[in-house]
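Labels run A, B, C, D, E and F following the written order; every chain starts at residue 1.
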Amino acid sequence: MQGMARPDGRGPSQLRPVTLTRGWSTHPEGSVLVEFGGTRVLCTASVTEGVPRWRKGSGLGWVTAEYAMLPRATNTRSDRESVKGRVGGRTHEISRLIGRSLRASIDLKALGENSVVLDCDVLQADGGTRTAAITGAYVALHDAVGWLAARKALAGKPEKVMHRSVAAVSVGIIAGEARLDLCYEEDVAAEVDMNVVCTGAGDFVEVQGTGEAGVFARDQLDSLLDLAVAGCAELAEAQRKALA
Amino acid sequence: MQGMARPDGRGPSQLRPVTLTRGWSTHPEGSVLVEFGGTRVLCTASVTEGVPRWRKGSGLGWVTAEYAMLPRATNTRSDRESVKGRVGGRTHEISRLIGRSLRASIDLKALGENSVVLDCDVLQADGGTRTAAITGAYVALHDAVGWLAARKALAGKPEKVMHRSVAAVSVGIIAGEARLDLCYEEDVAAEVDMNVVCTGAGDFVEVQGTGEAGVFARDQLDSLLDLAVAGCAELAEAQRKALA
Amino acid sequence: MQGMARPDGRGPSQLRPVTLTRGWSTHPEGSVLVEFGGTRVLCTASVTEGVPRWRKGSGLGWVTAEYAMLPRATNTRSDRESVKGRVGGRTHEISRLIGRSLRASIDLKALGENSVVLDCDVLQADGGTRTAAITGAYVALHDAVGWLAARKALAGKPEKVMHRSVAAVSVGIIAGEARLDLCYEEDVAAEVDMNVVCTGAGDFVEVQGTGEAGVFARDQLDSLLDLAVAGCAELAEAQRKALA
Amino acid sequence: MQGMARPDGRGPSQLRPVTLTRGWSTHPEGSVLVEFGGTRVLCTASVTEGVPRWRKGSGLGWVTAEYAMLPRATNTRSDRESVKGRVGGRTHEISRLIGRSLRASIDLKALGENSVVLDCDVLQADGGTRTAAITGAYVALHDAVGWLAARKALAGKPEKVMHRSVAAVSVGIIAGEARLDLCYEEDVAAEVDMNVVCTGAGDFVEVQGTGEAGVFARDQLDSLLDLAVAGCAELAEAQRKALA
Amino acid sequence: MQGMARPDGRGPSQLRPVTLTRGWSTHPEGSVLVEFGGTRVLCTASVTEGVPRWRKGSGLGWVTAEYAMLPRATNTRSDRESVKGRVGGRTHEISRLIGRSLRASIDLKALGENSVVLDCDVLQADGGTRTAAITGAYVALHDAVGWLAARKALAGKPEKVMHRSVAAVSVGIIAGEARLDLCYEEDVAAEVDMNVVCTGAGDFVEVQGTGEAGVFARDQLDSLLDLAVAGCAELAEAQRKALA
Amino acid sequence: MQGMARPDGRGPSQLRPVTLTRGWSTHPEGSVLVEFGGTRVLCTASVTEGVPRWRKGSGLGWVTAEYAMLPRATNTRSDRESVKGRVGGRTHEISRLIGRSLRASIDLKALGENSVVLDCDVLQADGGTRTAAITGAYVALHDAVGWLAARKALAGKPEKVMHRSVAAVSVGIIAGEARLDLCYEEDVAAEVDMNVVCTGAGDFVEVQGTGEAGVFARDQLDSLLDLAVAGCAELAEAQRKALA
C-alpha cells in the first residue's frame, strides 16, 4: 500500500460517508442504524426501570453495552458465540469499551434509578465497527433518555442528563502515513492503529493505541491524536444534525 | 379479539406485505432481507468448498441453518444466548426446521461437495419469524448456488441443483376463525397455530400444528391447511419475481 | 424395503405390543415403564409444592418435561450431554413437545399452585421414543395427581384436574405405503414421517410431519392422519386399562 | 438408630439381596441390571475398535467408565447435569473410581487396541450405588470381552483378558456398630463410611474411608475391612454364578 | 527403581523437609505457604460473615475448599480449567477431600454462622500436593479462626473451635517397598498409593488407597497405614511449632 | 485524597520498589516473580516445539499470554473463573494486552517454529498487576529464549531474537495531580488512568488511557505520557540488571 492512494480514494484526513438513521426499528426506546462507509451497525437502547441489585438505593442509574457481530458480517463466516458457548475476548473488550465511553456521556445521578442496555450489532463490517458503534449508540442513548423524559421518569432535568456528547474514530499509520477512519483493508495493513473517543468539546474519553506490527514514536502519536480529534469533531457535528 | 377485525385490518386469508431484498449485504454469496409486515429477517448464505468430515467422499453437498434473534428484536429485551453460554430450545428447534426445509429444495448430489450455511438473524420480530426466514433463505440459497454456478463449482447442471422452491407461512385459529400469516398479537391469542412449509408445486415439506391452548378437530386442521397452501403459493410467486 | 413386509411382520395399521407398568420405581409420585415393542422409556412424575417464581400468585400450576436417552439406549453409543456440557437440539425439541402435550391434558387451575416435572428417560430405543414417552407420561402424571388428591393438595375437584387423556404415535410412508408406529429400521427408511398427539376424544393436540427425504401430497397427509387417529384411540384404551 | 436393628432387619454382616440380570438391554455388547436391595443400576459395556489417539500404537486397550443418576432415582428430584451444563464433583469422582477398579480386572495388553466404555446409570438409589455399579460393571465387561472373543478380536487368549474379578461393597459405623452394605438411611447416619473394592482372591483394589461426621481408630478400621472383605467374597461368588 | 535408593536419598520412612510460612500474603484472614520438598502450595483462608442460604438459621458455620494448580506448576504445561470452561474430575475430587478433612478439624457450632473458604493453589508440584494442601490449610484455618476470635465473632469459646488438628501424607509401595511422602517420580512408579489424613491424636479422618497398577494384600495395607500415622504425627508437630 | 501525599509517601513521579526474581520455580523454561510494591505476579514462560496448526510451515514462531488472579489475591475473595465456567472480560482483555506487548519484543522469524506461552498469575494484587506482568514476562521470555538458544533450537541468531525490551507502567490523575505507578488505593480514586507499554528505546508499544470518571485534555494526556516514558525507562534498567 506504500505510496498509494487510499482504497476508496479519500484523503488521509477524510472520514468515510457517515449516516445515522434514527428509529430504524420499532420496538426499542432508541434505535439507530449507523454507517461509516461499508460498516453498518444497528444500535438499540433498551430501558428498564430500576437498576441491578448491587446498585439499588444509590439513586444512580446504570448504562451498559453489548457488542456482537452477525456471523457473516465479515468476508469469511465466523462461528456464532452462542454456539461456541462463550463470548470471545475481542467481543468482551469492545463491549466494555462502548459501555465506559457512553457512561462518560451521561449523568447517572440525573438519570435516576433507570437502566439502559446499548446493543450494538454489526450487520456489515468494513473496519471501525467499534467506533461506529460508539458514535451510533450515543444517538440511541439520547433518544432513550428523551423517551424517559417524555414519561417524566428522570431524576434530574432532561437537559442535564446527557451532559456530554461522545463520538469515536479510528486512526492509524499505513506505509508511514497517518490516516483517519481506516477501512478493513487499511486496518489489516496498519503498523499502528488507535481508537480515540472524544467528547463534543474535544476532550478525551478513551485513547487506545497499539503497535503490534511495529512501535511508534511520540511525534507519530501526536499526529494520530490530531487527526482523531478533528475526525471526532466532524462526527459530533453529524450527531447534532441527526438529533436536531 | 372475538368477532373483531384483524389488528392490521387484513382479511382472514390475506398475507401481510412481503418484500424480498436481494443483495442486502455485500460479503455473503447470497443475502436477502425478507419482510413479512413488521417482521424483518436478514438471511445470508455462506458457501465453503468441501463438506464436514463425516460426509467427505460421499459426493454430496451439505446445507445447514442457524436462526437467532437480536436481543431487542422483540418488545422486551432478551438476554443474548452467547452471554448465557447456551443456545435455547426454541432457537435449536427453529434452526433445525429451517435446515430441513431448505435441504428439501436442493439436490445435494448436484450441489457436489460444497457446504452452505444459512444464517437467519431476526432484526425485528412481529410474528412469523421462522416462516419469513425459510421464505427468504430460499432466495439467498438460490443466489449462492448461482455464485457457485458462475465459478463452475457445481457437480450437476445448475438448473438441476435448486430442484424445488420452498416457502413457509403460519396459520392459526383465533376466536374460532382460521387466519393466515399471524402477526405477534394474533400469535399470542391463537388457540391453535401451525407452521406449514410447501414447495412451489403445492406439496408439503413440513406441517407443524400445536394446540397448547386448546385442541383441534380434523375439519379445523383441514381449513388451516387450505389457507396455508394458498398462502405458500403466493409466497412462491413473490420468490419467482424476486429471482427474475 | 420396497414391497416387503414390515420387519416384525405387522400389518401397516398395527401397533407394536404396548405395555404400561405403573409404579416401576419407588421414589416418584408417579412412575411408569412404557414399552412400544423394543422401545422402553421410564417416565417419572415428580411433584413439588409451589410454582416457579414467574407464576407465583397466579393460582395456576405448572407441568414441564425433560427427555433424555441413556448413552447406550441405541445401537451406537452417544456421548452424554452432561459431558458435552450442553443439551442438544433434538433433546430440547422433544422435551418441549412432551411438555406442551401433557399440559393439554391437565387443567392447571384445578391443579393449583403445584409443579410436576415429567422425566422421560429412554432406556432402550427402537423408534417412537417421543410418542412412547408422551403416552407413558400421561399415566405417570395421572398417578401424581392422584397422589396430590390423596393429600387434598389440589385446588379443584380431583376428577376435573386430568380433563383429557393424551396419547401419541408415529406414522410414516415407507416405499409408498402409510404405516403406523414405525420401528427404528422403518423410521430411517421413511420418506415422510409424522408424530401425532391426540386426546382420548380423537381431537388433535400436535401434528408434526416432515418430508426431509421427500415431499408429500394432501392425500398422503390425510391417510397418515387417519392411521394416527386410529392408533391413538388404541393407546388411549391401553391407558384406561392401566389406570383402572 | 442407637441400639436399634437395621432398617430392613438384617444382621450387621449381612448383604442385601443381590441380583445380576445379564442381557437386560439388547443393543450393548454387555448389559447387566444389578440390584443391591432397592438400589438398581443399569451397567452397559460398549465396545469400539481402536483406542483414543494418545494410546494408538501402544498395543494396549482402554477401559473407562461413566456414572450418572436419573433425576428421580432418589427421594428428591435432582437437576440434570446436562441441563446444568456441567458434571458435578461427586459424579466425576465415582466415574473415576469405577474406571480404575475395572481396569484392575483386565489385562489391557491381552485386550489389544480395543476400547470399552462402561456406563453405569442409577435407575433407583438406596445407598451403595457406586459399589453396585462396580459389581455389575464387572459382569458387563466380562460379557463384552466374550463378544470380542467370539469375533476373534482380542490380542491375547480370551481366558487371560479378564485376569481378576472385582466386586465392591460399602461398610460403615452406625451408632458404634460396624455394618456391611449400608442402605440410604444408614449411609446418612454413619459416623464413618468406607467403600472397598476387592478382587475375587481377596486382595484390595481400592479402599476409601471417610469420617466426616467423626474420626476412626485403627481397630475400627480393621473391623470395617474384615466385614468388607467377607462381603466382597460373597459378591464374587454371585458374579461367578451369574457368568456360569 | 527396584532395589534403588529414593531419588532424593531419603530413608523409606522419612518425610521431605517441611516448611509452613504463615502470613505469606497480606489480604487473607489466614495465609500459609506450605512446602513438602519441591511441592509448594499457597493456602489462604477467606472469612465471610454469614453462611450459604441453605444453612441459614442453623447456628452452624461452613468450611469449604478449592484446590487448583497453576498451569506450569508441573513439568509440562496444562491448559487452564477456566479456559477449558470446566473443572476437571481430579480437581473436583481433591477439593472435596480437602473440604471434608478440614471440616473434621473444626466445631461448626462453635464457629457460629461464619463461612471460611480455603483456597489451595499449587505454585509448584512435586508429588503430594493434596496432602501438603491439607496440612497447610489447617494452619491457615487456625489463623482465620484467630482473626474471628480477635473480633469476638465466634459463637463458642475460641479454644473450642479448632477441636482437632489434621494433617495428611501420602504413602506408597514402590518396587515392593513401603515409602512415606512420595515425590512425583515415585508417585508415578508406585504400584499402590494411599493418601491418609490423621488427627493430631492419631485417629483417621480419611484413608484413600488405590492399586490401579496392582492390587495389595492386607499386610501391605497395614504397613502403609503404620508409615502414614507416623508421618502425620511429625506433621502435626510441625503445625504446632508453626502456630506457637 | 485531594492535596494529600501518596498513601505510601512517594513523590508523584516515583516508582514503588521493583524486584525481579528469576528462576522462582523449577519447571518452566523461564520463571520470574515480579513485585511492584505489594503487587506480586508469577510469570512463567513455557516452550513447546512447533506452532499451532494455522501457523505451520510459515517459518514463524508464536507467543501468547494468559493472565489470571488467585481468588484471594485481592482484599475480597473473587470466585474462580474455572468454577464460573468462563473467562471474564477483564481477564481476556489483559491476557490479550500482555500477548501483543510481548510479541513486539521478539522477532518471530528468528524464533523459528517454536511456541511460548506466558502465564502471568497474580499472587497478590495492589494495583498495576497488568503492567507488572508485562515487565516480568519480558524477563521470563528472555530466559526461555536463552533456553532455546542453549539447545540450538532457534532459527535466527540468539541475539536477534529478543530485538527490543518491553516494560509497562500505569499512570493516572488523582485530585488533579499526575502520578506514576498507582497502587490500588490510588487506582480506585483516579479520574483518568492509563497503562503505557514502552520499548527500552523509549518508543510506544501500547497506550491505553481511560477517563471513565472524567475526561482529559490534551495537556493532561501529555504530562501522563511524560511520566510513563520516564517510568518505563527505569523499569527497562531494572530488567537489564536482572538479566545481567
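In this section, contacts are C-beta pairs under 8 Å (C-beta built on N, C-alpha and C of every residue); 3 or more make two chains touch, one makes a residue touch a chain.
The chain list, named the UniProt way, goes like this: A, B, C, D, E, F = Ribonuclease PH.
Treat the numbers as computed from the prediction; the structure is a model and nothing was measured.
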item	value
Touching subunit B and also subunit E, the following chains	none
Contact distance in steps, from subunit B to subunit F	2
Between subunit A and subunit D, the fewest steps along chains that touch one another	3
Chain of greatest Cα-centre distance to subunit A	D
Subunit D-subunit F separation of Cα centroids, rounded to whole Å	51
Separation of subunit E from subunit F, taking each centre as the mean of its C-alpha atoms, in whole Å	33
Subunit A residues counted as touching two or more neighbouring chains	85-87
Residues on subunit D engaged by subunit C in the complex (per definition of touch)	25-28, 31, 38, 40, 42, 44, 46, 48, 66, 68, 70-75, 77, 80-87, 91, 117, 119, 121, 123-124
Residue ranges of subunit A in contact with subunit F within the complex	86-90, 92-93, 95-96, 100, 103-104, 164, 194, 199, 203-212, 215-218, 221, 225, 229
